[in-house]
Amino acid sequence: MGKKFEGISRELMALRIANEIPDGSYANLGIGIPTLVSNWTEGRDIVFETEIGMLNTGPLAMGGEVDQDLINASCQPITELPGACYFSEAESFAMIRGGYMDVAVLGAFQVSAKGDFCGWNIPGQRPGHTGNIGGSMDLAVGAKKLIIAIEHTMKTGELKILDECTYPLTAKGAVDLIVTNLAVIEVAKEGLLLKEVASGLTPEDIQSVTEPKLIISPDVKEIEF
Amino acid sequence: MGKKFEGISRELMALRIANEIPDGSYANLGIGIPTLVSNWTEGRDIVFETEIGMLNTGPLAMGGEVDQDLINASCQPITELPGACYFSEAESFAMIRGGYMDVAVLGAFQVSAKGDFCGWNIPGQRPGHTGNIGGSMDLAVGAKKLIIAIEHTMKTGELKILDECTYPLTAKGAVDLIVTNLAVIEVAKEGLLLKEVASGLTPEDIQSVTEPKLIISPDVKEIEF
Amino acid sequence: MDKEYPDINKAIEDVFDGASIALGGFFSCGNPVYLTTALSKLDVKNLIIIAMTMGIGNWELNELLRNRQIKKAICNYPFFRSVSRRSIFEEQLRAGEIECELTPMGTFIERLRAGGAGIPAFYTPTGVGTLIAQNKEVRLCDGKEYLLEKAIKPDFAFIHAYKADRTGNIVFRKTARNYNPEMAKAAKVTIAEVENIVEPGELNQEMIHLPGIYVQRLVKVDRPQIEATIEKPPEK
Amino acid sequence: MDKEYPDINKAIEDVFDGASIALGGFFSCGNPVYLTTALSKLDVKNLIIIAMTMGIGNWELNELLRNRQIKKAICNYPFFRSVSRRSIFEEQLRAGEIECELTPMGTFIERLRAGGAGIPAFYTPTGVGTLIAQNKEVRLCDGKEYLLEKAIKPDFAFIHAYKADRTGNIVFRKTARNYNPEMAKAAKVTIAEVENIVEPGELNQEMIHLPGIYVQRLVKVDRPQIEATIEKPPEK
């Protein structure tokens, strides 16, 4: 159990992540906080893919725009942008597994110091070893850069950034960057590199809610937007 | 070396093969005699595929019909029929290998009693063990029914229907039916079953130009058109 | 070749006990709603159902579960998102009344693609080092680990399409394409419910999403009215 | 993302000695004729060329051979049909000056498809019991033999297309599609010569044959004039 810090909002986490995606990128956003990233990319040169089989997804559909044949991977009615194209599920995952997604942003239950993460099964919650894997395992191994967007700790105070994951894995060694409400942490060869902390917090605060020993970047700074 | 018999023309071989393809079939025709089969299928309910990536190919294009972007797998300008569709090479061979071709008709240099056949390399003709394999190996293993259309012997009189093939194989045990200028022979479990002979010839004549011992069908008859 | 069947029940009458059936559709989008409902009225049991979800968005599938027609599910997103909600499938799974073969989404559709393409098995990086790798062969290629995954070849595929010509050439609409094409390719017999059936030559030959060779039977249906949600089944 | 390059030479200037390059086109149809010619004027050697033929229909490739720019060919139909005619490629092969990796047409394109789809290797029935099986792993699946075949991932793909929007979404025309889409997906860098370049939104989103994510560079070219034959090169 760690202490409780407030940190930044989910919206600002999404903004911080949006700033991490270079112009000219193709990106896929998972369910939850990751979905919010596209609220911050208007005017940016980023193309979003959705696993269901579409490139250049537009904002959520409103009112009369809703089309039952046009949803995203979270089953929300969406719109299309100029340059959109549709394709099959097999093509969608050929693209994902083939390494064409420059950035994927996913949620997680736990992340380890080695870049392992878990997001589909908390033991005891579902019968046997089952759960909603969906496209998470393919995105994890396929994306060139995998960003995990999570609250730094569970609501109950339990740690989520651990030496070793204790839940069933989504992928091993796949995570590149962890963005939380408290910090921005790079998964480096040597371990977790603390690069940014939320306003008002110190690296020691972050360490107090993080199991692995953090490497404090010499350039460590406040999270910038 | 066998004797020399005339038998039926290439056009009639093609007609005999056309009669072997049931209505409602999807079929692929190789280069040479097989190509002639489509001259006999007008009004029939047969859809032809070409490896380059098209279903419902039409007759050869004439004069102003010629379109440089519309050729068959033999590089001949062709036309399209109603219900035609285009697809990629990967799709074309997924279809072929996946078992969707009801009938394939190919030429061959040699065919064996076990249904092996060779059609891409005569030792000494090309450098090393190379040759134009093209789509022949995929069609051979993929087609539900493989018909080999050949002259019964080589122009030099050498036998082509052998106990064992002596040239590099296209596929093992793939041939279902052999149609030659002299006979129609089924590749059965027990061996080669002689079912039809060209007008004026006897089963003994066919055996005299066929290396494997033929099983003479009790219903053996003249080739019918 | 006119592949249209005037009667949806006639089009599925040879589905047999123990048959494996792939059902197209991604959550609420592009599901064979009419065929699934017709299947639930058929006296067949011990079915193996291959579908993304198990009654989450594709609500018609719950009727198959209620009737206890399903022996085994092959799927990638079987449950409600919220762990506090239990689907019929989850209840049956907890009771040990049904089997579940969970396969990641990309592996799921690639296994079907392989089934249609004559590829019996392939290697994939997805799932290495996870529970998905249990009892699977691992192979090193260029120093990286991959899992061996096997093709799925269902007896039947039920798909939903926007348009078809009578010979079975099919056009899907927007994201309702999803799993439908590869399921059709993988299955021995594909039955498509189609919103619009036209004559051969009326579809643009350059935009056929599923060539007719893969489709054995067509059934004309009305355009269904669907709410895009995985939260609640439609009220009856 | 505007992927158009005004200068074809600029679009290929990072091709390096020893690069592997896939060239689209089936005999005379859908070849990247302009890019191949531009490549023949570049001072790069020891290339690995992946193409259906080696200068049979795709005549421009012969210039690469004359310049001795090619170290190795991966192909499925390398020679003239008639054994009495010898191509430049055949002469160089006889002289031991070039390597040839022969792969059946379906395996050839499936290896490229695998390369683009993150599949390092797959099993196929094609070639079992033939010379193609030499030095390849054989595996029994359900009692039938299959060969292990490995993905091809070229450094570059050169493709020819009918239309593209500036973001790289591509539409091919009739049978000129052939190998082009999968080569583009397999390659690290894909350069497309395109007859018509339009603005994003002008193409029908339901008939994009190659999504823009696979295409890094576009070059506008005039529609080439091509005679459909593999018998004779065009007169100069």
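Just so it is clear, A, B, C and D label the chains in written order, and each chain counts residues from 1 on its own.
One rule holds for everything that comes next: a residue touches a chain if its C-beta (ideal position, glycine included) is under 8 Å from a C-beta of that chain, and two chains touch if they have at least 3 such contacts.
Predicted model only: the values in this text are computed from it and were never measured.
J.: Specify the chain most distant from subunit B by Cα centroid.
T.: A
J.: I'd like to verify one number: the distance from the centre of subunit A to the centre of subunit B, where each centre is the average of its C-alpha atoms, in whole angstrom.
T.: Taking the mean C-alpha position of each chain, the two centres sit 56 Å apart.
J.: Mind checking the centre-to-centre distance between subunit C and subunit D? Centres are C-alpha means, answer in whole Å.
T.: One centre to the other, that is 34 Å.
J.: I'd like to verify one number: the distance from the centre of subunit B to the centre of subunit C, where each centre is the average of its C-alpha atoms, in whole angstrom.
T.: 37
J.: What residues in subunit D touch two or more of the other chains?
T.: Where subunit D meets two or more other chains at a single residue, that happens at 110, 113, 117-119, 124-125, 172-174, 206, 209.
J.: At which residue positions does subunit A touch at least two other chains?
T.: In subunit A, the residues touching two or more other chains are 80, 86-87, 93-94, 96-97, 141-142.
J.: If each chain is a dot and touching chains are joined, what shape do you get: line, ring, star, complete or other?
T.: other
J.: Can you identify all of the chain pairs that touch?
T.: A-C, A-D, B-C, B-D, C-D
J.: Can you name the residues of subunit D that touch subunit A in the complex?
T.: Those in contact with subunit A are residues 1, 113, 115-119, 165, 167, 169, 185, 199-201, 203, 205-206, 208, 211-214.
J.: Which residues of subunit B touch subunit C in their complex?
T.: Where subunit B meets subunit C, its residues are 24, 26, 45, 47, 49, 55-56, 80, 82-87, 91, 93-100, 141-142.
J.: Which bits of subunit D are touching subunit B when the two form their complex?
T.: 26-30, 57, 76-79, 81, 83, 90, 93-94, 100, 102-107, 109-110, 112-113, 124-132, 162, 172-182, 209, 224-230
J.: For subunit D, which residues count as touching subunit C in their complex?
T.: 110, 114, 117-125, 139, 141-142, 144, 146, 150, 171-174, 204, 206-207, 209
J.: Can you list the residues on subunit B that touch subunit D in the complex?
T.: 31, 50-54, 66-73, 75-77, 80, 86-90, 92-94, 96-97, 116, 121-122, 125-138, 141-142, 168-172
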